[in-house]
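Just below sit the structures, each encoded as structure tokens.
In what comes next, subunit A is part of two complexes: it sits with subunit B in the first one and with subunit C in the second one.
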Partner chain A sequence: MMRARYPSALKWGAVLLAVHLLVAVLGPFLAPWAQDQMMAGLPIQGASLTHPFGTDQMGRDIFSRTLAGGWIVITLSVGGTLVGVIAGAAIGLFSGTVGGWIDEVLMRLTEAFLAIPFLIFALLIVSLAGPGVQGSPVLLILVVGAGYLPRVARMARAAALDVVSRDFVLAARLRGENAWTIARGEVLPNATGVLLVEFAVRAGYAPIVIGTLGFLGFGLKPPTPEWGLMMSEYRNLLTVQPMAVFGPGLMLATLVIGLNLFTEGLSAMARHGRAERAA
Partner chain B sequence: MNTVLEVENLTVSYAVPGGAFTAVDGASLQVGAGEILGLVGESGSGKSTIGHTVMGHLAPGATAGGSVRANGRDVLDLSRAALQDLRGASIGFVPQNPTTALNPAMRVGTQIAEVLRRHTGLDPAAIRARCVELATDVGLPTPAALLARYPHQLSGGQQQRIAIAMALACRPPLIILDEPTTGLDVTVQRQIVELLARLRDGHRIAMLYITHDLPLLASLADRIAVMQHGRIVETGPVGDIVRRPRAAYTRALIAAVPDPDSPAPAPLHESPVLAASGLAVTYPAGFLRRRPPPAVSGVDLTLGATETLALIGESGSGKSTTARAICGLIRRSAGDVTFDGRPLAPALGRRDGADLRDIQYVFQNPDASLNPRRSVAEILARPIEVFHGIRGAAARDRAARALADVELDAEHLGRLPSELSGGQRQRVAIARALLAEPQVILCDEVLSALDVSVQARIIDLFLRLQRERRLALLFISHDLAVVRRLSHRVAVMKDGRLVEIGETDAIFTRPQHPYTESLLAAINRLPGEDRDAPG
Partner chain C sequence: MSFLRLALSRIVASVFTLFLVSLIVFGTAQGLPGDAATRILGREAPPAAKERLRLELGLDMPVVTRYAQWVTAAVQGDLGMSFATRKPVSDYLGPRLRNTLALSLLAFLFYLPLSILPATLQARKPDRPLDRLITVITVVLLSSPEFLSATLFLFAFAVHWRFFPPMVQLHDVMSWGEYLHALTLPAATLGLLLATYGVRMLRESLVDITRSDFVLMAEFKGLSRARVLWRHVLPNALIPWMNATALNVAFLIGGVVVVEKVFAFPGFGSALVDALQFRDLPVITAGVMIAAAIFIFVNLLADIGALIANPRLRTQG
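Here is the complex of A and B:
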């Protein structure tokens, strides 16, 4: 007997994500205009059939620009989260496995970084990076990654502490293996569940970080059709044609909601699976 | 004799992917007032499922057929509320592990009183009086003081007495005991068994005693039911079951029980390969805490090149700590350990590859000592790579040969530990130790997580390996019958010190230390024509 056992959060999250992925991949081809084509219509027009979100100060079609922004936001979010989770997991698993004063030092360092609010931390890095690299997507990925690193490291360390007292880790120590080998060979395979959830949770908030930085002018540079940046550029048009701001905002919101629903569904399923195994 | 519990043609099955798994298959048994029925079987035989079903507890997804009549009422027909009245009031339950069954945040006296409050109309003063009476009944000294304690302030034996007192609280005519003494020290086990016998005779309580320990039942139960694969293969009075077993399975079960009275292997008088002298381990003092007494101190022992030295003693006596200090897993605080004449550093990080290779450690529980996310091939590849620098196909060949050594097939290479039985897992752990090509293996209670029939085969495996390779074994165990079968010499530990060391037969027949005597007195023996036990 087959029961439907996927939580509805997971289903709705998956639907939203699928739509976003489709838009990200196909959007640039489906768009009625090229996103950077100036004078696709008269400047600053309200919503119409030819320009559903209207046109901006340079006559670019805002709907086409919104569609083109999807893959940028998704790539940056996933890239930044990947950097944060991989680096954080490496440091956290190593720290938890090695123990002693090295662990103490590493964890105090993560605490020091956690004491700085994420946004201020991000602004700090961007301004320190200097004008040469400001606005580069790689910098943005590193900023998101660096912001997530200490948070992921603490979770990974907790997961490692759960594993290091088990006998198979003692067996590895008796073979003379060092902490790094043990962290990679024995601890990591038992922490993948935690790290996957961690990745999903962090990825769910990355678009907000990228959008916020873009909105504040610390993200990508114009004329990139990144949603946060667009909302910032068009906020003067809000009274003339609200869709210029609401369109990208709606896309950003649905992406974040979709990611979070999906994550929540995943962890609900993991809990359910654990409960079932325990029974 | 009036029957208190009558189980008739009970079948319990679980829905599993692709069908149903039958845990109990047409089991029937009766327990009369003042009788202890022992239900014996190996893990997975369905004995605990019967115990839980009698309590009216079925796992989610399980269905039961047949009938279970306790005190004249059919348990399987009762509503949830009626079951709650039944449990505690007319059927008591003693779980295997009192540490998890007792609420750690509640005084034990309150926990007993809770049962009385739920099921009787007694006023608080009467409940208090009854609690003290129960504590006295289960043999707790100074009951009033002990009842005011929290579970962690009691010893394992005292916790189990509290659990028995809770089961007895409402004077139920029937008690179900699920492995109540497993995990307790032998001398404590003996006391609990004597307590149960007294309760049966004094209060005429019917007991269903579920265990895997046949010798223990032989000294306690009136009748025994033997279970295999969910069926009861044989029921009868204790004497008939152990002396004239009819079912082939019962015969196999009895044959697998090692005899504590058969002579041990003859002593070898070899020159030692491993020697420890003045070994001591002290854990550091904590913040604002005084330095604890040493876990181990002044331990001197030697191990011949092909000798088995058994290390016995109760839990907390320092057996494992001694073995771990020898292999370097725990840093010793004083003393010397030499291997083949060369000194071994206290810290693991200071030992070289040869030191690590020559002394291997096999852990008690293979569930914990094998990485659940690694296949058998990956687990076995580690010592081959680390100690011999061999990888790839050559390593796989070696791993397959090592599996053959421990009587497993090469097809097991691709499996995960969870896809193996407990005995197979312990064989993989032994193969991992052998792959280092060690001269000494430290075995820490390696048999205690295994069924008797599996234990017997692993013992034979150790004996064969020791014959074929030159292997010295330090064998930590609480099972004295196994110790006598395997070891040339025995060392007895108590409170972190070695109280006696000598040749096995001498220790068993002429113990010098009173503590050794008390350990030996607690051995449960199977009565029989060919193995007439003294006493």
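Here is the complex of A and C:
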């Protein structure tokens, strides 16, 4: 038996992700202070042993707040990506299977959506959703999902086109099944690989979208300890207490680096596996 | 198909996409179900104010009529009146757009060497320490949110070392030198962020091309490594790189929003964010349309550029 060799990207990605998941689950319990406790220390203190990232204007411990932010960012990212991949896959697979003018219309529409830069599209939805729902986590999940929908749909459609000319799809058509049933029963099982990769790639960018929205004031609202929001809240502490800004920023960056390395490692392994089978 | 017909069909497709975008943007901005006035002003707003806004939006007319009016005016350069500034949208967005254009051009000047030099260094000796190091740096930069890297540069070069002002202020009576100095830090940030994509893309195609037959041939002829790289490899890698650069414009527009916010730069991106914050519908509609139009136009240019540079594309499809 040959020992399985894993790409180093996969290993490092897995380590970073494991640390982040641990922090997300255990962080709130291990944190030295409650994340919302005011006057945990004197207001606006620099980094010290008791307050590794210092304290903010209200005397809250910034390190504890940062630890509490992990599960928020991860849940929203995974939730939003799931919504986008499921909805995008449904539309893309259907479009590719049904073909004809419906396919044409759907693909022109996705093209138009893709012409609006993701961030601007997200800002547009949040802004127009109105002040009543702004800052709600559900809205954020829907925004991320809506942004990913056309992108995933195009990949899913391409995957569907690879399969639709095959015999088993033809057989299903001859049985008189409609496009939706064929897309679900015949095409989807053959597109799971593509969709999983899509999920991983998109999940890697979702924390950035959520953080950027928070940073620009279009994401979650204070006092939620979301990292992007914290960075904008503590921007004016930059000269006194840089860790207040760069602590949460570092967490966000390492989470995304972990996700990207993990995905890159997985796809490298998949390529390698294919090459070995082909040989 | 002839080059002209292909180019023409791309142009028609682009115009059609822009038309669809206008439907989407106008539809979401002004045609959503529910009362737009309440969404803009909030539930607690006095009914009189809501009524005034409804009239101003023309909400008493059907959506289709409003869309037709908006398009006819927009094609003639009339983008409506901004709610917040009480000025024509074009008077407000025009100067902001000019600032952003200057910023983007300067960023592009940073982008060129920042993407070509590292990628060539990598491709000279693939899989050696220098290649690995640059890969790690690009992965880290690519994974960092733009607002983090931008804040980091701001901290380093405007707060820690005071080379540049932390807030960009532009006046009418600035000399060229002052203008450039104010633009340098945000432009360098933008150029570097953009370059992280360019470097990865260019490195891959450079390494691919280094392994192709005609490069081996050039080496067998006894040409120097540098000459092979600059004369034979690089020109061939530039076409896909150009296409990738065009696609990155989508990122550039998003990145501009963030970078402008971080440096308080009075440009198009920050104007759009402000409008979105205050739900200034005419500015939002115009701004998003402009962003989409720029994206579509640049991609059209890249498509046509590829058609000119690579005649083989003209025979397929």
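A few points about this structure:
One rule holds for everything that comes next: the second predicted complex is superposed on the first by the 278 of 279 C-alpha atoms of A that agree within 3 Å, B and C clash if a C-alpha of one lies under 4 Å from a C-alpha of the other, contacts with A are read in each partner's own complex, and residues count from 1 in each chain.
The definition used in the following text is that a contact is a pair of C-beta atoms (placed from the backbone, for glycine too) under 8 Å apart; a residue touches a chain by one contact, two chains touch by 3 or more.
Given the structure is predicted, the values throughout are model-derived calculations rather than measurements.
The superposition on subunit A brings subunit B alongside subunit C with room for both.
Angle at subunit A between subunit B and subunit C, computed from CA centres in the superposed arrangement: 90 degrees, to the nearest 10. Using the contact criterion defined above for the overlaid structures, shared-chain residue A:177 touches subunit B, although it does not reach subunit C.
With both structures placed on the common chain, the touch criterion links A:109 to subunit C but leaves subunit B unconnected.
Judged by the touch definition given at the top, the superposed model places A:45 against neither subunit B nor subunit C. Of the two partner chains, subunit B is the only one that A:168 touches; subunit C does not reach it.
Once the two complexes are laid over each other on the shared chain, residue contacts for A:81 go to neither subunit B nor subunit C. Contacts of A:212 after superposition: subunit C is touched, whereas subunit B is not reached. Contact comparison for subunit A: of subunit B and subunit C, C touches the greater number of residues. Contact with subunit C, but none with subunit B, is seen for A:238 once the two complexes are overlaid on the shared chain.
When the two complexes are laid on top of each other via chain A, the two nearest Cα atoms from subunit B and subunit C are 9 angstrom apart.
In the superposition on chain A, the residues of subunit A contacted by subunit B and by subunit C do not overlap at all. Residues of subunit A that touch subunit C in their complex: 108-109, 111-113, 115-120, 123-132, 204, 207-208, 211-212, 215-218, 228, 231-232, 235, 238-239, 242, 245-246, 249, 252-253, 256-257, 259-261. Residues 16-18, 20-21, 23-25, 28-29, 32, 38-40, 42-43, 139-140, 142-148, 151-152, 154-155, 159, 250-251, 253-254, 257-258, 261, 272-273, 276-277, 279, 284, 288, 291-292, 295-296 of subunit C are the ones touching subunit A in the complex.
Put simply, subunit A touches subunit B in their complex at residues 166-168, 170-177, 185-186, 189-190, 192, 279.
Those residues of subunit B whose C-beta lies close enough to touch subunit A in the complex are 59-61, 327-329, 348, 351, 353, 356, 360-361, 363-365, 368-374, 382-383, 386-387, 432, 436.
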